[in-house]
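Order of writing sets the labels: A, B, C and D. Residues in every chain begin at 1.
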Amino acid sequence: MQKVLEEALEIGKQYIEYGNCASYIPELARVDKNNLGVCIITKSVDRYTAGDTKKRFTIQSISKVISLAFALERLGHEKVFEKMSMEPSGDAFDSLLKLDMASNKPFNPMINAGALATIGYLVADFTFEDMLEYARRVCMDKNIVMDETVYESEMSHCARNRAIAYLLQSKGILEHDVEETLKLYTKMCSLSVTAESLANLGLVLASGGRHPETGVRLMDAEAVRLVKSIMLTCGMYDGSGEFAVRVGIPSKSGVGGGILAVVEKRMGIGIYGPALDEKGNSIAGQKMLEYLSKTLNLHMFASEL
Amino acid sequence: MQKVLEEALEIGKQYIEYGNCASYIPELARVDKNNLGVCIITKSVDRYTAGDTKKRFTIQSISKVISLAFALERLGHEKVFEKMSMEPSGDAFDSLLKLDMASNKPFNPMINAGALATIGYLVADFTFEDMLEYARRVCMDKNIVMDETVYESEMSHCARNRAIAYLLQSKGILEHDVEETLKLYTKMCSLSVTAESLANLGLVLASGGRHPETGVRLMDAEAVRLVKSIMLTCGMYDGSGEFAVRVGIPSKSGVGGGILAVVEKRMGIGIYGPALDEKGNSIAGQKMLEYLSKTLNLHMFASEL
Amino acid sequence: MQKVLEEALEIGKQYIEYGNCASYIPELARVDKNNLGVCIITKSVDRYTAGDTKKRFTIQSISKVISLAFALERLGHEKVFEKMSMEPSGDAFDSLLKLDMASNKPFNPMINAGALATIGYLVADFTFEDMLEYARRVCMDKNIVMDETVYESEMSHCARNRAIAYLLQSKGILEHDVEETLKLYTKMCSLSVTAESLANLGLVLASGGRHPETGVRLMDAEAVRLVKSIMLTCGMYDGSGEFAVRVGIPSKSGVGGGILAVVEKRMGIGIYGPALDEKGNSIAGQKMLEYLSKTLNLHMFASEL
Amino acid sequence: MQKVLEEALEIGKQYIEYGNCASYIPELARVDKNNLGVCIITKSVDRYTAGDTKKRFTIQSISKVISLAFALERLGHEKVFEKMSMEPSGDAFDSLLKLDMASNKPFNPMINAGALATIGYLVADFTFEDMLEYARRVCMDKNIVMDETVYESEMSHCARNRAIAYLLQSKGILEHDVEETLKLYTKMCSLSVTAESLANLGLVLASGGRHPETGVRLMDAEAVRLVKSIMLTCGMYDGSGEFAVRVGIPSKSGVGGGILAVVEKRMGIGIYGPALDEKGNSIAGQKMLEYLSKTLNLHMFASEL
């Protein structure tokens, strides 16, 4: 396994040059794009790492998974999806198009509009600390904190998210304070994680929400199932369809360079590689996952029985 | 199992009244919407049926699965996806919108534009008979024929598909005769199948493309994997995302009322229920599949280990 | 002439019942929808009035004409249209669609996005008082003030405009403070005018920008020409094309119920009728203008030589 | 006047290099893009020409004006606009977008969708010969014929128009034979005219539909008014708004390089210049019209009184 991981890392490195760090947030643009790491934790809690798996980076859109699970547990499925769909949109992560056409509902909780709506349901009753604590628990990582520098940088460059948020307000989807919603959303995006934190979260999700060692329930089983299903259809922005074909592992990426991947009942995978492709997904990370999927037979429809 | 199937049938029947047969093709509109049947064939080739599982109906969009697999086997992955994506579009099955915007490519082979493109790649080198024979083989049903009446009816009411086809031609995606392409596409839609044929096909797909009893390869393994992945993200039109969450079984529906469902490594399911919801999916069929998924624990992310 | 005006008023009254006051701003919704008035001032400065021509109402989108002229005079044509087009969009007045698609530019200064952009160019260098003074001058109405109640009401219900403004910021079109821009925009919308003020402004525009009696230049000639041309193609929201055919008079409407109409070289017309059609144009006002156009032969392509 | 025309020609020539002949129809692509001519005929029937004013070229979209007038006269306003709007769309001339969204109606008769709808209303009751005769009469040019070579070339490259036509059929807007409609439409586009023919037509329209010398009515007065109004808002494709501002003369362009311009009550202008800008309008033609408008004070809102 360790050897496969190192091979994956070598393959990944060859693609870094074709990607770039997210440019629209100054603090993200300053990151070294050559960072690359991958961590696998198996069901038997064996941990394999290669590369930069302990470097902290901001979780960005992967926080959508955590916020969604949190909201499902605290508010219930019905409330969360009252004014939101679960459909892949085929549009970019920050698209306004579908939202402002016929449907008038965010297409799914994995794009910015849907995640803002999700946070909007929570903002009146839960604090950032509540959600931070939940994030630490499900990632089994006590050291997750909000990266203040990235947070400030994002808040100074969030005009598009703010536009989306006010559009949601105008449609009656955001009912509480928009600026507070935007702050909570951005704080969640600014959580600093490692490839290992993401691998932990992946394993918890792969285990149906239970602690992989103790069996203690960390996340609601129904929420976990829903989250994995949505990761499969919507987790890699408008590259989700092709990723499902090529890699076949429910995953969620963030523009900080992270990818969270869940191999059902078998393992969690965490990746860090901040050079992104034009869709906003880690370019080396995807290649590494494709290699791991093929070599370790992780595709959900792996042909071997 | 038999009991569960009969319960599913009872549940399905309660929803028939909320759906309607496809109205835009006269021959489909004339079908009795109360038809309902479900067939499960397990890996051990045990067959369970309830309701109208031997009634023939036209396969319609489920033929997209067969045509795609055929094209992948004959032309290869690269050719098929040279001018087509694999992304769910979030739009209706017959949408022109995305096709005519930025991408200029059909979003995926499960919507009409993509399926017409797929047929267009085949029309110059393969006959309808070639494809019919393939359909009979993978459905293990020698009695599949083209329903002439439905075919004629569809050809007289296919202005929208014809518009899509000429738009594809104008973009250089359809390179051969458009009318011939449209005819071959419509012939494939007019194949008459039963819930049992679809369950057979489902089992072949669940078995990675091999004959469930003999182990003889009927379909290419790579093609099968790709087809199942795309069914998961795009198989139920613009209801695919929610279906993946609720039911969690790769499926493909047709406006003739059929649903093909594939429970990986376990079973094939075929459904016939021509009363459709507003997205074009069998309304009772979806409810039956949801019940079966819950009761038999068929969801790809079923929480139990 | 007086008789024709009174006939127009009678005709207009019959249509009030089919319209409604703007509902999305509480203060506008409370207005009596039966108000109706029309004022014509001819080139020889003869004034004809019928109905409620002295009642004050908020100018709303008609302020776009004033802001555009002001911007053209102060900043020049090149600056104003550097990041904005002059094309009718065929979409509703508050549409985000076109703005967020290919063009990335507001379609024209008569829709909210374009007017916000225009105000955004001015906000750093000009005060509301500067613009108010200009408005009073070109409307020859010293009593124009900002209606505080409407202003406050609009500021509390401007989520959609705020979304548009932040979207403009995200595209680099709004470069100064967004909230200040939004306030100045909304203040301009809240100016209280009368049908007579609008008739005055119409006459100034019809006279190429000169005071109708003294001949003193009140508005720049080039700006006046541009404004009238844009009013013709874009002044009545997505009803502009049909209005140009039926009425053939460059006009601009506001959701406060006003219409400003300019009969080239002949007269200015001001209308007040707060019952709106579904496109946001005064329903009775349009009918009155249609009647006046026919009866007084005011259509720009009136068939008589 | 003659001098001004020659100056305009010189100015126009400088812009030819920035444009190109229409490339999507082989026969149009083969035209010499250096052709350039302009003809003005005044109300007193004085004729001024400069450059290639006797060369024949295909009328293309300018035929939309003739077909619309013909339809209005024969079928009446109500029938023609029963399933069509009069709004500028802000989209390209061959756009499908708006047609397939909310409205389900062609936006206006100056874009392909609307012109195909117009021809569709006529095709059952009128022959091409009827329409050719009408074209010859209103252009006062007996030598107009259908250019067979261009017609054949266009019919072999009309996939996009065919797509639009079948989409119109699918929406119930085209009720007669689609292929016959497409042929009649394309025949009308293939009429061979000269800059002089267009100037004649322009003068007839400027004169309210009457023969400029005899006063005999050639076109219905109401139809003429409507046609001019729509030319103003929609005649230059998605450049109509800016053209109305800069030039201010109701005009209609065609991808054959022609422009028909109507100076109300004063003159007709015909232009030939097949090098097009990216919107499909003659690039030198527009510059010539802009120069003529400024120099001869032809803008509908010319500032001088």
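Simple rule for what comes next: contacts are C-beta pairs under 8 Å (C-beta built on N, C-alpha and C of every residue); 3 or more make two chains touch, one makes a residue touch a chain.
Computed from a predicted model, the values in this text were never measured in an experiment.
A.B. asks: Given the touch definition stated above, what is the smallest step count connecting subunit A to subunit C?
C.D. replies: The fewest steps needed to get from subunit A to subunit C is 1.
A.B. asks: Relative to subunit C, which chain's C-alpha centre is the most remote?
C.D. replies: Result for max centroid distance from subunit C is chain B.
A.B. asks: Take the average of all CA coordinates in subunit A, do the same for subunit D, and state the distance between these two points in whole angstrom.
C.D. replies: Spacing between the chain centres: roughly 54 Å.
A.B. asks: Taking each chain's centre as its mean C-alpha position, how far apart are subunit A and subunit B in Å?
C.D. replies: 31
A.B. asks: Determine the centre-to-centre distance between subunit B and subunit D, using the mean Cα coordinates as centres, and give it in whole Å.
C.D. replies: Spacing between the chain centres: roughly 47 Å.
A.B. asks: Show the residues in subunit C shared as contacts by 2 or more other chains, in ascending order.
C.D. replies: Counting only residues that touch two or more other chains, subunit C contributes 101.
A.B. asks: Sort out for me which residues of subunit B touch subunit D in the complex.
C.D. replies: 95-97, 100-101, 159-160, 162-167, 169-170, 178
A.B. asks: Report the residues of subunit C in contact with subunit D in the complex, numbered from low to high.
C.D. replies: Listed in rising order, the residues are 85-91, 98, 107-108, 207-209, 221-222, 224-226, 228-230, 232-234, 238-242, 244-245, 248, 250, 264-265, 299-305.
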